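The following blocks contain the structures, represented as C-alpha cells.
Note that chain A is present in both complexes that follow, paired respectively with chain B and with chain C.
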Partner chain A sequence: MKATRRSEALSAALLLLPFMAAFVLFFLLPAFQTLYLSLTESSLTRTSAFVGLANYDTLVHDPAFWSSLGNTFYFSVLTVIPLTALGLAMALLVDRFTGDRQRAGTWLQSVFFLPYVLPISVMTLIADWMLQPSSGIVNHLLGVQRAWFSDVHWAMPVVAIATVWWTVGFNMLIFLAGLRNIPREQYEAAALDGARGFAVFRHITWPALLPVTVTALVLQLIASLKVFGQTYIMTTGGPFNTTRVTLHYMYETAFTQSDAGYAAAVAMAFMFVVVALGLLQALLLRKRK
Partner chain B sequence: MKHTQLHWTVIAIAAALSLAMLWVAPLLWALSTSLRPEYETISPVLHYLPRRWTVEAYAKVLGAGNVPRWLFNSALVALAVTVATMAISLMAAFAFSQLRFRGRNLLFLLSMLALLLPFEALLVPLFRTMNGLGLINTYAGIVLPQVVSPVVIYVFRQFFDAVPHDFRDAALLDGASPLRVLWSVYLPMSGNIVWAMAIVTFIGAWNNFLWPFIIVTSNDMMTIPLGLTQTYDAFGVRYAQLMAAALLGAFPVALAYIVFQRRVTQGLLAATGLKG
Partner chain C sequence: MRHAGKRLAGGLSELLPGLLPGLLLLLLALSCGAARADAQVVRMWTLLSGGDGARMRALIDSFNASQQEVRVESTTLKWGEPFYTKLITASVAGAGPDLATIHLSRLPNLAGGGVLRPISAAELAAGGLQGSDFLTRQWDRSQYGGRTYAIPLDLHPLVLYYNKDLAGQAGLLGADGRLAPIVGMDAMTNAFRAVKERTGKAGLTMESAQSTYAIWRLWLSLLAQQGLPVVADGRFAYGPAGERTLAAIARWFQAGYATPGQDYPASTSQFMAGNAGFMINGVWEVPELVRGTRAGTLRFRYGIAPLPQLYGNASAWADSHGFAIPASEGRPMSPEKATAVLRFVAYVNTHSFGWAEGGHIPAYRPVAESPAAMALMPNAEYGAAAASVVYDPPGWYMGAAGPLEAIASKFLPAPLAGQLTPADALRRFETEAQRLLRKRPPRY
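Then we have the complex of A and B:
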C-alpha cells in the first residue's frame, strides 16, 4: 500500500509539472514581482534602486492616476446597470419562445449573443465606421454632424454603448441559465392559484433570479473595471484624457515612459480594487449556497 | 384574461424583433460596406445596399498586405493555446481530483488564487519575464502565458470528482498508469465538457487582444485582432477593405459559435461556475 501511495505521488508530480511550471513562471512569479517592482525605481527592462513606499506616495498625490480611476468608474457606471438590466430583459424575451416556438427562441438567443464572440478590434472597427463624422450611418440617421470620439461629453458614453452591444449577450446567457433553473412546477402551482403576468414575475421569477442578478452585477463590475482595449483603440484615451482608464495609465507609464516601478504601483492599486470586489462576490455566492 | 395574455405576447414579439434588428444591424452594415467598390463608401449619398455588388475588397485584403499572415498567425496561436491548455489542464485536474499526495489541497487553492488576481495587473513583470527569456515577437511568447487557465482546471476537476472512484480503482488495480487511466477511462466520459472548454478556449485565444498587444511589436508576428488595429496605416481610409478585413477576422469565431452553439454556451456557463 505504501508503495502505491509513493507511486501515486510521483505520477501526480509528473501530471502537475507542466501546469505548475507555467503557473509559477507566468502567474505566481509576476504577482510577486509586481509587488517588488512597486517598491523600486525601475525601467521596463532594468531594476534599479529600492525606494520603499515612494511610488505609493507619488500615486496618492498623482492627479493623473485619480482621474484615470475616475474614468474607470465612470465607464463602469455607464455599463454595469444597462448591461445587467438589458441582459435580464433579453433573457426574459428569449425565454418566452418555448414549445413550438423554440426555434425562434434559439435564433433570438444567437442574434443577441453573436457580437460577444467578435474580437474587440472588429467591434471597434465597425463602431468607428458607423460613427464617422461625415459618412457615418449614425450621423446620417440622426441628421447631425458630430465627431463622437473627439467630443468630451460623448466619447465615454459612446464607448459604453458600443460595449453594451458587444457584451450584453453574455449577461443574457447567465440570466437564461438562471431562468431555466426555476422548476416548472412553481409556475404551474402559481397558475393554479390564478397568478399571471406581472404577478408571476414578481413572486416566482424575480426571487429566483435575485442571486443570479447579484452574480451578474459583480461579474460585470469586475469586467468593466478591467476596461482597456475599447477606450485604447477607439479614443486612445482622448479627448483630453477623458477616456484614459487606469489600465491605460498603467500601460502608458510602463511601456511609453518606461517607468515600470511606478506602473507596478498603479497595478497594485488596481489589483486591490478588483480583488476586493472579487472577494465580495465570493462572499455573496457563498451566501447563496 | 385571454385578451391580456395575447396583448403581452404581441408586445414581447415586437420588442424581440426590434431588439434583434438593432443587434444585427451593425453586422449587416459592415457586410454591406464590405461588398461595395471603395468609391461608394465615401459617396455623399448613403445607400443601405451596394449600388454595385463586388467582392473586390475581399480580394484586395486577401491578395496583398498582411491580413493573410495575421490570419495564419491567429489560427496557429489559437490552435496551439487550445491544445496545450486542454492537455496540461486535463493532467493537472486529474491529479488534483484522483491522486493522493501531500499538499494537494494547498496547491489547488494556490492555483485557484489566479482566478482572483486580474491578469492585467501582471502585464509589466510578465513582459519583463518574457523579455528575459528572449520570447518577445515569438509564437512561444504569445502562446505560453495563455495556457495557464485555472478556470479550465477547476471545471475539469469538478467533473472528475463526480466520477465514481470504482472506475479509477479497477483500472489502477489492473496495473494501468494514471495517464493511461485518464486517457482511456476518464477522457471518453468527459467528451462533452472537454469539447465545450476547448471551443471556448479557442474563441478566447483567437480574440485575445491585450497579451499579443504587449508581446508583439513586429507586423509579421501580429494576430488578426491586433493587426486590425493597424489597418488604417495599411489601407489608408479604405472602408470597404477595412470591413472586409474585420469580417474575415471575425469569421472563424463566428463560425465556431454558430456550429457549436450549445457547447460554447455550456462552456461559458461552466467557466463562470453557474452550471456544471
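Then we have the complex of A and C:
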C-alpha cells in the first residue's frame, strides 16, 4: 500500500515536472528578474547601478504614469461590462435556435465569432478604413466629417467599440458553453410549473450562469487592463496621450527612451494593480453568490 | 486522401526524369555562385523608403555590378523609432548589420550610447575617402568625442515650396517670376492670407496630424531664427518666445489658411493637386514634383525657396543621412570587411549626383561643388538654405525619431486644431520630457 502511494507520488511529480519547469523558467524567473531590474538604473541591455526604490519614488510622482493608469481604467470601464453583457445576449440569441433551426444558430454563432479570429493588425486596419475622416463609411452613414482617432472625446470610446466588436465572440462562446451545461430537465420542470419568458431566465438560466458570468467578468477585466495593441496601432496613444495606456507607457520608457529599469518599475506596479483588482473583483462577486 | 497521396507520388516519379535537367542547371548555377563566394558580403540596414529607397537601391545595384570583390545586400526597415530600436538592440547583441544608414542628428544618442564603432582615418583612406572631402557642417556632425562615427551622405533642410500660379494670382511673385522675398512673420501670414482670399485655395499645407514631427522641425527652425536654444544647462531654455512662436504657427491653422489634422500623404497631395499656395516640407518631395512636371500630371508651375526669415535670421531645420558601422560587440569587424564597407560608402558618395536628383544636397564636396550639381534644377533654387541650417541640438535624447522628438510630436500639433492652447501644449511637453533631461545618457 505504502509502496503504491510512493510510486503514485513519484509519477505525479514526474507529470508535474514539465509544467513546473516551464512555469519557473518562463514566469517565475522573469518575474524576479523584472523585480530586480526595477531596482536598478538600466538601459535596454545594460544595468549600470543598483538604485533601490528610486524608480518607484519617481513613479509615484510621475503624472505620465498616473494618466496612463487612468486611461487604462477608462478603457476597461468602456469594455468590460458591454463585452460581458453583449456576449451573454448573443449566447442567448444563438441558443434559441434549436432543433430544425440549429443550422441557422450555427451560422449566427460563426458570424458573431468570426471577428475574434482576425489578427489585431487586420482588425485595426478595418476599423481605420471604416473611420477615415473623408472616405470612411461611418462618417458617410452619420453624415459627419469627424477624425475619430484624433478627437479627444471620441478616440478612446471608438477604440473600445472596435475592441468589443473584435472580441465579443469569445465571451459568447463561454456563455454558450454555460448555457448548454444547464440540464434541460430544469427547463421542462419549469415549463410544467407554468414559468415562461423572463421568469425562466431569472430563476433558472441566470442563477446557473452566475459562475460563468463571474469567470467572464474577471477574465475580461484582466484582458482589458492589458490593452496595448489597439491603442498603439489605431491612435498611437494620441491625441496628446489621452489614449496612452499603461503598457504603452511601459513600452515607450523601455524602447523609445531606453530606460528599462524604470519600465520594469512601471511593470511591477501595474502587475500589483491588476492582481489586486482581479482578486477584489473575484471576492466581491463570490460573496454575492 | 491517401489515394491522392499515392497519385502524387506516382506523378513525382514520372516527373523526375523531366526535372533532372532542371536540377543539373540549378547545381551549375550554385557552383557559379560559389566562384564568387570569396567576395566580401556587406549586409546593410537602411531606413530609406519611397523615392530615396529606390535611389539607394539603384546605387547598390550599380555598385554590385561595378566590381566582383564586394557584394552589398541591403534590407529596408521601417523608418523612425522602430528602426533605431532594432539597430540599438541588434548592435548590442552582436547581431547588427555591417553597415547602416542613420541620421546624423542621432549621433550623440547612438555613438554616445556605444551602438556605433568609430571609423579611423586609415580605414577611410583605404576606402578612398578623407574628412576634407566633405562639407564642414556635415563632417562636424559626423564626429563624436573627437572621433569619426559616421560618413555623411547629404543634407535635407526644411524649405518653402510654392505654387507659381496661385502665388502669381495673389500678387506674391517678383518681376523674375519667382517668389518675392518674404521677411517677417507678418509678411508670411499675409502671403498665406492673400492666397486664401484671392484664389480660394489654402494658403499653406503641411503635415499637421497628431504625432507628426513636422511641427517640431518648424518650431525648432523659428526658435533658431530668434537665437534661442531649446535646451541649455539641462533645462528647457526657449522661454516665453517658445509659446509665442508656437502660437504664431497655430494661428495660420486657426485662421483657416491651412488645414489642421492632415497626415503626410494628405498634406502633400493637397499641394500636388494645386490646392495650396505654399507647402513647408523637407526637400525630399522634390523628385515627385520633377516627375509630375515631366509626366504632365502636375497642372501648375512650382518654385522652391529656402525657409523665409520670419524672425532674426534665416535658420532652417535640417538633418543628414549618413553611413555608420554598428559596434556589434563581441563580433568585431575584420579589416577586410571594413575596407569593403568603406569602398561601398565611397562609391555612393562619389556617385551622389543621383542622390542630389532626389532633392538632397550632397555632402561629398567634389559632387556638391561640381558645376553639374550647382546647376541642377530645382535644387539650385534652394541651395542657399545650406548656409543656415540647424540640426536638432546635441543631447542623447535628441535627433530624428529620438525620445524627445517622440514626445514633442504628441503635443506640438495639438494647438493647431485648437485641442490645447500653445501654453498648455508646451507645459505638457516639458512635464513629460523633463525626465529625459534629468537622466544620465544611457550606455546601451
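Points worth noting:
We take it that the second predicted complex is superposed on the first by the 248 of 289 C-alpha atoms of A that agree within 3 Å, B and C clash if a C-alpha of one lies under 4 Å from a C-alpha of the other, contacts with A are read in each partner's own complex, and residues count from 1 in each chain.
As a working rule, a residue touches a chain if its C-beta (ideal position, glycine included) is under 8 Å from a C-beta of that chain, and two chains touch if they have at least 3 such contacts.
These figures come from a predicted structure and were not determined experimentally.
Using the contact criterion defined above for the overlaid structures, shared-chain residue A:Gln257 touches chain C, although it does not reach chain B.
By the touch criterion defined above, A:Thr98 lies against neither chain B nor chain C after alignment on the C-alpha atoms of chain A.
The wider contact with chain A, measured as residues touched, comes from B rather than the other of chain B and chain C. Of the two partner chains placed around the shared chain by superposition, chain B and chain C are both touched by A:Leu44. Using the contact criterion defined above for the overlaid structures, shared-chain residue A:Pro63 touches chain C, although it does not reach chain B.
In the superposed pair of complexes, A:Gln145 makes contact with neither chain B nor chain C. Looking at chain A, you'll find residues 44-45, 255 touch chain B in one structure and chain C in the other.
For chain B in complex with chain A, the touching residues are 1, 4-5, 8-9, 12, 15-16, 19-20, 23-24, 26-27, 29-30, 33, 41-44, 46, 87-89, 91-92, 94-96, 99-102, 104, 107, 110-111, 114-118, 120-129, 131, 144-145, 147-148, 153, 172, 177-179, 182, 203, 206-207, 209-210, 213-214, 224-226, 228-229, 231, 239, 242-243, 245-247, 249-250, 253-254, 256-258, 261, 264-265, 268-269, 272-275.
Against chain C, the residues of chain A that register as touching in their complex are 41, 43-46, 48, 58, 62-64, 133, 147, 150, 152, 236-241, 252, 255-259.
Interface residues of chain A facing chain B in the complex, by the touch rule stated above, are 4-5, 8-9, 11-16, 18-20, 22-23, 25-31, 33-34, 37, 44-45, 89-90, 93-94, 96-97, 106, 108, 110-115, 117-122, 124-127, 129-130, 135, 137, 140, 165, 170, 173-174, 177-178, 196-197, 212, 215, 219, 222, 226, 228-229, 233, 247, 250-251, 254-255, 260, 263-264, 267-268, 270-271, 274-275, 278-279, 285. Within the complex, the chain C residues that touch chain A are 81, 85, 88-89, 92-93, 113, 209-211, 261, 397, 403, 406, 410-411, 414, 417, 419-420, 425, 428, 431-432, 435-436, 439-440, 442-444.
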